[in-house]
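Pasting a structure here, questions to come.
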Amino acid sequence: MTDAVRRLFADKHDESVVRANMEARSGFDPAFWSALAELGVTGLLVDAAHGGLGGGPLEVEAIMEEAGAALLGAPLLSSFMASALIEGSGDSDARTRLLPAIAQGRIVALALTGDVGTWTEDGVALIADREDALLSGHASFVLHGANAELLLAIARTVDGFGVFEVAPDTAGLNSMPLPTFDRTLRLARLTFDKVPAHRLDAAGWSTVARTLQLGLVALAGEQAGGARRVLEMTTQYAKVRYQFGRAIGSFQAIKHMAANLLLETESAISAARAAAAALASTANDADELVALAAFTCADAYDRAAADAIQMHGGIAFTWAHPAHLYLRRARADLQLFGTPAAHRERYLKALGA
Amino acid sequence: MTATDTSMSDEDLREEVRTWLQQNWKDHLPAPTPWTTTPALRAWLGKVVDARWAVNRWPVEWHGRGLSDTQAMIVEQEFRAVRAPGAGQDKTHFYAITALTFGTDAMKRQLLRGMLAGEITMCLLYSEPGAGSDLAGVRTRAEREGDDFVVNGQKVWTSGAATADYGMLIARTDWNSPKHRGISFFFLPMKQKGVEVRPLRQVTDESHFNEVFFTDARVQAENLLGDLNNGWRVLQTALAYERSVMGEAARGARRTSDRAAKDLLALAREAGRLSDPVMRQDLARVLSYRRVNALNNARAKADLETGTSSPIMSLGKLAMSRILHEEARLRTALLGAGSLLDGAAFPRADDANFLTLNAYFTSI
Amino acid sequence: MTATDTSMSDEDLREEVRTWLQQNWKDHLPAPTPWTTTPALRAWLGKVVDARWAVNRWPVEWHGRGLSDTQAMIVEQEFRAVRAPGAGQDKTHFYAITALTFGTDAMKRQLLRGMLAGEITMCLLYSEPGAGSDLAGVRTRAEREGDDFVVNGQKVWTSGAATADYGMLIARTDWNSPKHRGISFFFLPMKQKGVEVRPLRQVTDESHFNEVFFTDARVQAENLLGDLNNGWRVLQTALAYERSVMGEAARGARRTSDRAAKDLLALAREAGRLSDPVMRQDLARVLSYRRVNALNNARAKADLETGTSSPIMSLGKLAMSRILHEEARLRTALLGAGSLLDGAAFPRADDANFLTLNAYFTSI
Amino acid sequence: MTDAVRRLFADKHDESVVRANMEARSGFDPAFWSALAELGVTGLLVDAAHGGLGGGPLEVEAIMEEAGAALLGAPLLSSFMASALIEGSGDSDARTRLLPAIAQGRIVALALTGDVGTWTEDGVALIADREDALLSGHASFVLHGANAELLLAIARTVDGFGVFEVAPDTAGLNSMPLPTFDRTLRLARLTFDKVPAHRLDAAGWSTVARTLQLGLVALAGEQAGGARRVLEMTTQYAKVRYQFGRAIGSFQAIKHMAANLLLETESAISAARAAAAALASTANDADELVALAAFTCADAYDRAAADAIQMHGGIAFTWAHPAHLYLRRARADLQLFGTPAAHRERYLKALGA
């Protein structure tokens, strides 16, 4: 399927689409989104019984490499994480109710962390009343939270964390779109005031943690794909561009920079794919490899996008040039689901240190 | 008449400038920038020039007093003391300095006073698209036609081109000799139909820079600086003046560094990261870059005054680029997820994000 | 006779090699290194070669079995299983691979078996003083004289030159054509009076490398690899073989990385720095470099086997250099003042200090 | 005087002297040491009344720039710190007894820190008995501790820290020379078992702290001078050495590296001199500037020496080439009197953070 998706991105998601998405309120092109849905991408993690492809982390990572390279704005990441969260729960009729909708391409959002934006247990700023019927508090940095058709929220309950289904249009629920540095990104802050919600059966923090693992693998794929693409742009450019009478690619400084970038980018790809494989096989070093991929890919993408601007020189300082679009995405991905520093800590802990 | 001010004692000089300021300096004006002035400011600068306070080190025939550096600094101190702009332009106005060094007497008579009085504004027409920092590769052409040169080509990354009266232009006047030969240096009048200025939209989504297109633009032969095809030497000197002016500007670095330090520490405190040992190491590192830069500038200034040449001045750009990139990185790290946001509603993020992109312009 | 082993089923092959090993493999031997062997090891390797297990992918006429990569790996697995050296040299012995590719049949008959059996040891005669990595600038000369070439000049950074029987030599045979033309590639006999080997004292105060001086050294024309003046192509291929061998070696990287990780963490614990958040960030970073390098190698290997070319292999040196320098820096930081010390009495410091200097050799 | 000292180093302290010192037990050339004494360098900080020049931090820093450039092995640093410590005490007859000896060039050592090697209060591993008569415990990383003619020791007492004068040949005091990575360095570990000692009047930790400030300024000077010299070596080399048919200095990669090194080296010089000036004028930002110089100069020297080896290439990997001698000294100076990380912490604290 990856090839079909790659073709789709090549044909229907070039830079002009990205720039259009930047201006669009929703942040993406509905036509392209349905095309993805038709290919089954939105239902990649949904089991066949519920209209999905029953894929796993490996397929998610592969698709996200393409999405990252193309700066996809659509809520694919949320679809993947929501599917994982619901599949991970023990709530069979939530499954039958929600999974087909997600597979069909309904926009789903995950309210997971508060204003601290740590995506950790203590970052959760939503609380359910004793009956698990009403949610209050807030959630921030919610991807596509302002135009979601389905909403899942993590909240503190009397017995630990719970996963709740909330109707986006319910009274007491307000969503404020947040202006973002990465203009291909759509984030919202949601405030809850006694919002009626349905708690999913048998889904606690461990379910959320597994979902975040998948999210990190998907993000690592996006970062690896983005890094590779921006490096391709740069080396291509270095080959053709002349300065001081020579192709700038022939300057040692550039070669040196390029070699380091190639190392970091290839390392990111290896790390992202290894993390996906470990998660797929639920290998015992999955925690280790996911954390490793999380900071390796985040730093590699950031570095590749930043150096791309350096290596392009003046031309990359203009709005018209795509380099800064990748820099903005790279910097956004540096923060989503935890910072590289936090992932390094988790990596050491996974190593037993 | 003050043609022989060097004979004057420091005290008398200080007295004279003080009295003059008391009599003439009233209002407070915004400090002049390379490419924006106001009528009030221009009026004041005109006064300063005519009273010969603008360029005290310059010879008397060109608005100066031929003062020593020490005496000139007395004048500049007194101006600073009352926050009056306009003095010490013989150290800061590198366009005028270039004109004085290379211009014909005709050109100097025509332009110098206006430049010092802020009535004539200037811009740089050096960089060209694709050529990057390789100025020797300039492809804009200037061809002799009667008393004029006819200019065709394109420049980029020019600041203030939209408002400038003249641009310092390098153009190729000889295509047969090696690259850096065959270049000439002109003062080109910008306000003519052959010159089109288009604003460039930067990554920061602002427009401080322009592209400039020349279509049969004309410049009089007398606006040629230095000899024909010898513009490379003029350019090198002009760039040196520009650098040393940057150095002068950097004298303010200590104050800037203190402000930046306070602000970074405040941000760290707000973000609740001031107790994070990892952040503290980065904080110390970034703050040290600014502080050390201020120390470098102070040392360079001292060297300059004792006449010993110092390599530091030439490093200003590199140092500033490191400072800005590292500070942007740190501010982002301190904000964490908060750096995802942007715009006036989130000023801290807005600063960090702007700095992240703007840092690249130090390398232009 | 096993001339058509490709027809053989994997099971039969596995059975055959297993039986052979049971019958022949007794003692445990040190793994062979490029430039040290022992009589016992040589005896064993001789057996392996004659039983055609050394280079299974090679044609039958050159000690091989013409096996597919998959089948060859079955043999190598079985050898690894009992820790027996000598198999898979068609992937690891880049001297022999070079000889097979470019040597004359005469030379192959003369050298191949001995090389595979560890009776003939080799060294590289590429780098020259001052020329750094610019092999095209080679100044050592080889001049035709009857059936021989006469070699004069100097090489440096050669490992094992003191013990080697032959050296892979690049020398200039034509001074009139452009640099990288006019170079020829020889197998030069080292044990002759025209060849003087002097050990180089390294910064680490050891001597793994030598300078080699040629004074009218002689090499037979039949020891020329590739055509005369066409040695550049031979060299590029030989270097590629060398790199891919490094890649093979790197297959062990995962195990190495795990060991290194354990050891670094142990050091951090001993030094009481494992709870220091700043050190923890550096620890994670350095450990990740090794781990990722292992992942890169695994991926490169997979790519290799699926025939898709991968840029990673060429990055091995760069990656290793980063790993070693960063690890040295971290070990030093973990030890703090303890890193001032040195020698056997302070093994932790000794390791860190050795690594600090030795890391530079990865860039040779 | 700096000029005279510079000339002396140029005439009498070239690389051959350094390599001889490396092999010498004492680690230095007595003849050169007396020459320094004759110029008054050893008594630089000693007041005129006690046979010194009555100089201050500025002179110390200037001299140490020369010493650092020449890889001086002699115990000058200890002489400076010991003079500062004694001058800082209120013990007038210790002054009359010890300062002239130091000025004359007697070898003095400072026992300040224990095996932890932090040079902080809690690093002190010597303790005095209640009568302040006998010292027990140990001190390590003592510069020239094995062949000192005078010994000063910092020890815990019933009333805080005390500064003690100890005769190096006293029974119960054992000194073990320590093998060092920087072979121009001489360190020893001293063990004390009820060693008779004389406590100096009116000298506590604050006196020691001021002494360490001076030591750090001196070290910063050594680092700045060493960095400048090793950078000169490198750029000189890059000018003359040819590779790929061009002077390697003309390669962008090298130019870029060199520009960064020049920035770091010049910054080190500025920082070291500013710290000296602040300490001399006891300006209120002395703590700040000393800490700044400490880590700025340490990192600059380390970087300059390391990159020098890179830029020299193969030739610098040989024992015969001086580059590694500077790398060894740079790494040693990275640890003496506290690590860069520790100084960065102190810098922030001095800034009130």
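Read from first to last, the chains carry the letters A, B, C and D; within each, the first residue is number 1.
Methods note: contacts are C-beta pairs under 8 Å (C-beta built on N, C-alpha and C of every residue); 3 or more make two chains touch, one makes a residue touch a chain.
Only a predicted model underlies this, so the values are computations on that prediction, with no experimental measurement involved.
If you tally the C-beta contacts, which comes out ahead, B-D or A-B?
Greater number of contacting C-beta pairs: A-B.
Suppose chain centres are the mean of their C-alpha atoms. Which chain sits farthest from subunit C?
B
Suppose each chain is reduced to the average of its Cα coordinates; what separation in Å results between subunit A and subunit B?
44
Give, as an integer number of Å, the spacing between the C-alpha centres of subunit C and subunit B.
The computed centroid separation for subunit B versus subunit C comes out at 57 Å.
Whole-Å distance, subunit A centre to subunit D centre, using C-alpha means?
Distance between chain centres: 53 Å.
Would you please write down the residue numbers of subunit C that are in contact with two or more other chains?
278, 281
Send over the residues of subunit D in touch with two or more other chains.
Correct list: 341.
Can you list the residues on subunit C that touch subunit A in the complex?
Touching subunit A: residues 261, 265, 268, 274, 280-281, 283-285, 287-288, 291-293, 295-296, 298-299, 310-312, 315, 318-319, 322 of subunit C.
Please output the residues of subunit C touching subunit D within their complex, sorted ascending.
Residue positions touching the partner: 127, 129-134, 136-137, 156-157, 179, 200-203, 205, 278, 332-333, 336-343, 345-346, 349, 353, 356-357, 360-361, 363-364.
Show me the residue ranges of subunit C that touch subunit B in the complex, using the header's touch definition.
276-278, 281
Could you pull out which subunit D residues touch subunit B in their complex?
That would be residues 259-260, 262-263, 266-267, 269-271, 273-274, 292, 295-296, 341, 344-345, 347-348, 351-353 of subunit D.
In the complex formed with subunit B, which residues of subunit A make contact?
Listed in rising order, the residues of subunit A that touch subunit B are 113, 116-118, 140-141, 178-182, 185, 187, 241-245, 248, 309-310, 313-321, 323-324, 327, 331-332, 334-336, 339, 341.
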